[in-house]
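Both of the next two complexes hold subunit A, though its partner changes from subunit B to subunit C.
Up next is the complex of A and B:
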């Protein structure tokens, strides 16, 4: 199994191993996963209330990020964070935080965060949609029963809503993990992985080796690494859902 | 339960305030893009929200549509040439396969199906290196046929999974009745099952079409001839030589995203059913 024909470590990138990209993917997951999951859940709960005026319109607006091509999403991110033309640096400038009144995508300290924030804008619609569907499937009787037992709002969420939404949470977390690992288009167009690799991610690193360096071996190595990582959430999803 | 009215008004205002603030934040980037696309570059370099001189012009759209190097018009046409067959082919083949998975038993069926589910999670990057050489040797690199085949093959996995779930929810009585009356398996499939399954097929077709339309990575690898670039591929190339020309870029972005947005607006019910359906089954 470990013969050189199958596993040839000489071909593993030594001069520039993809560790930086790997760390960026990890940072991405650490920020993006909890934010979108909880934001989506919160919005789904909020927009379910009958008192919110035009809640289906708001849902459609938040879901738009999922509908548009990701390459357009990336361009919009770049536009948002551009000094002068973009609104985010201007807001920070007005708030007196001069260090963030810059083109975020052009500086190594901010480039990664610009694309991660943008990806939250794109992806929150997904978890919101999933949780909305999940909430709609919970029978009202459960809440009425809990109300009769004198449960507080928090207790109702903790002991009724949250456990019943668990299958949805599994799907949302696994799909978000898969998406975070495979992220490509928005980084390609918003920062190009730069400046100086500050926002490089695995999928883009693979393409970099493949098309810019024309090094098919390194490209294949990164692709395999990426695939091994995606097996983790994929297997978890299949197991937890028991759909097989 | 009686709620004191003052509390109710407060909660009503608060819920609406939060909900609409989020909505406005989520919509702002789109408003910015739209404003930048209909105004001359001079007016947006210092922020599209300054509306003091407000000149509305379609010049950016014309420039992007007839761009001398990478016209979006050709890109939109190429995207359609790629996206339509890449939707029809996998839907037809995957429906047949999905029906087999939901109604028949055959050796290694479960392993085969587990493999298909695994394929859905596979990153596209994994397939690129071998596929590149395969298409090159088949003389299909840089051809629409090549990329249509790649997209069709890539779509098969999730469409089989999706359609199998859909077929297994359909009642089987009519199929059995038809079989007793002497209908062949294939007649049962296309005369009885397919017509009932139309909502599922529409959902799958809409998602596959918008995903192929929105694809950037596969096109980037397999279509390297500038004349054949699809719309998403042309977008980043419209940047401008000395500065980022946001007018042209945003106008082109709007034209490229108009197609999936329209599909979403028209088929919203099916789109949502498709998104939710294949992830929350059981």
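Up next is the complex of A and C:
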């Protein structure tokens, strides 16, 4: 049925798929997703009590990453990891780790990690905010009952807090996954996908095909791939929300 | 009540008409203006003309825009019936917008500055006006029109050009440390070794980043010095491979040893690099002539071209006139002005640019640019390599050079990638 009359197979991409970008997105998800989810949860628990000194200010600083434009976020990441100007290489220099006292975005072995680590700051505010709202909705009675039953703090978290935060976790995980798949702006500004394609991601690859190579066929292929990949977490989210 | 409703409806209609006029109609504004023409016979006659608004898009902002606006003001003085509205757009952003707009028979402006390769591409697709009637090729530096000429039709009006003549230094810095500009390659390497030993200097040469071209400009200068204009042209056309022994030699024997010796810094953001270089963290910076307009004291600037340089890159800005313009006659008039008299005005400002129109003399230049203009006029001009090839390869080129800069041992891989990704004929 698939004859050339129906589908123009001659114009089908013959080059190898953008494996590099796909792998980088996978690495991004593997590091960024669990880190932001657990960091956001930890910070929300830690800062939930008003008596924690400066909790509002700390929350504001963390949430700042969420409210600044992504392009600005990319620029900040660029400078954070630049030798001489940025805090990260300086810290490693003070710790005596000379191999990391470099401009992270300039080296292929560190460029991807620079943008991933930077994006953790940008996105943690989201999960912290979601978990803060979730924690506020858990009735105090549950904790008082657990305390009367002799539960430890860990047991209270394990059997009260975590199960009741499950709907929030589903949303946070799905949204983070979608964000990780469509990541573009900060990579575009901070590294441009380089050096040597070391930090290339799918959305940027799509843009390169579209705007640099003016190869709309290839750009469309990557766009379809991205759409298929995003449908998976989106479907999961819808199903999970239905069962919760 | 009915009357009130009718009035309200009329009000809405009136507002809609007014707002639609405000949003989309700037190029259609036709206000009668009075123009006074003085003729030889001192007869003064007054005629009523239609005010035309031409939209121009270019990449300039800040000081560069100030210099360009001098040209625009001169054009408006010469053409009182034309008002020019300028908007800043980066070429990278335009590359995304323009193909789609052109395909739908529309254009965001009447005259647009863009990359040469992109103009040729759009010209081939029939989206641009042929400028042959307003551009005389004999009046320009040879080869300047090549990137925008397709099948004998000229689709780009050349404006002024930036030259990439070599490594800039501060005369005061050299004087303070007893340094002399080199006359041979060996002296150049010795100079770098001397600079590296100066306390407070991080590396002898600072490398610009965040945009791709600073590193590619350095590489092109090496190719033009040790391979010549001919090699650069063959690389542009794909007639010589990057893995060719002649090209490999330039990298292996000249550039890579300097990178391995740590004479170049790791790539850092190119504008902050200017500040760091100016305050003495670095001694040399390879940059285009526009740097003259970006430093505190352009008279303190000195220039070192690689000894024996045979040609220099002259990279002009080009303007195109989309065929979807509503004012083709006036747009062509502006394109002609920019390609001729406009150049004379532009080189006299702090633009740091060079004329591509031969009717501009050294006396027309801004004082700090006169010496540079002389140096450039003594060597052959060559087209910018990555701008001429353009497309996806240009970004690959920039990206691979960034890799080479921090890991010069990967030269083989870099050259192989450049060949593999080069556009197929």
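The definition used in the following text is that the second predicted complex is superposed on the first by the 225 of 244 C-alpha atoms of A that agree within 3 Å, B and C clash if a C-alpha of one lies under 4 Å from a C-alpha of the other, contacts with A are read in each partner's own complex, and residues count from 1 in each chain.
The definition used in the following text is that a contact is a pair of C-beta atoms (placed from the backbone, for glycine too) under 8 Å apart; a residue touches a chain by one contact, two chains touch by 3 or more.
Values in this document were obtained by computation on a predicted structure and should not be read as measured data.
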Clash-or-fit label for the pair subunit B, subunit C on subunit A: clash
Contacts of A:203 with subunit B and subunit C, given as first, second, both or neither: first
Per-residue touch tally on subunit A - higher for subunit B or for subunit C: B
Partner chain(s) touched by A:85 [first = subunit B, second = subunit C, both, neither]: both
First, second, both or neither for A:211, with subunit B first and subunit C second: both
Which superposed partner A:108 touches (first subunit B, second subunit C, both, neither): second
Touching partner for A:227 - first (subunit B), second (subunit C), both, neither: first
Location of subunit C clashes with subunit B - one stretch out of 45-53, 99-107, 153-161 or 297-305: 99-107
Subunit B/subunit C common contact set on subunit A: 78-79, 82, 84-85, 207, 210-211
Residue ranges of subunit B in contact with subunit A within the complex: 1, 11-12, 15-16, 18-20, 22-23, 26-30, 32-33, 36, 44-49, 110, 113-114, 117-118, 120-126, 128-129, 132, 210, 213-217, 220-221, 232, 235-236, 244, 246, 249-250, 253, 256-257, 260-261, 264, 268, 271-272, 275-276, 279-282
Subunit A - residues contacting subunit B, complex: 43, 46-47, 49, 51-53, 55, 57-58, 60-62, 64-72, 75-76, 78-80, 82, 84-87, 90, 121, 124, 126, 129-130, 133-134, 147, 167-168, 171, 175, 178, 181-182, 184-185, 188-189, 202-203, 206-207, 210-211, 216, 219-220, 222-224, 226-227, 230-231, 233-234, 237-238, 241-244
Subunit A to subunit C touching residues, read off their complex: 78-79, 82-85, 102-103, 106-108, 192-198, 207-215
Residues of subunit C touching subunit A in the complex: 92, 95-96, 99, 121, 202, 209-210, 212, 266-269, 272, 276, 391-392, 394-395, 398-400, 402-403, 405-407, 410, 413-414, 417
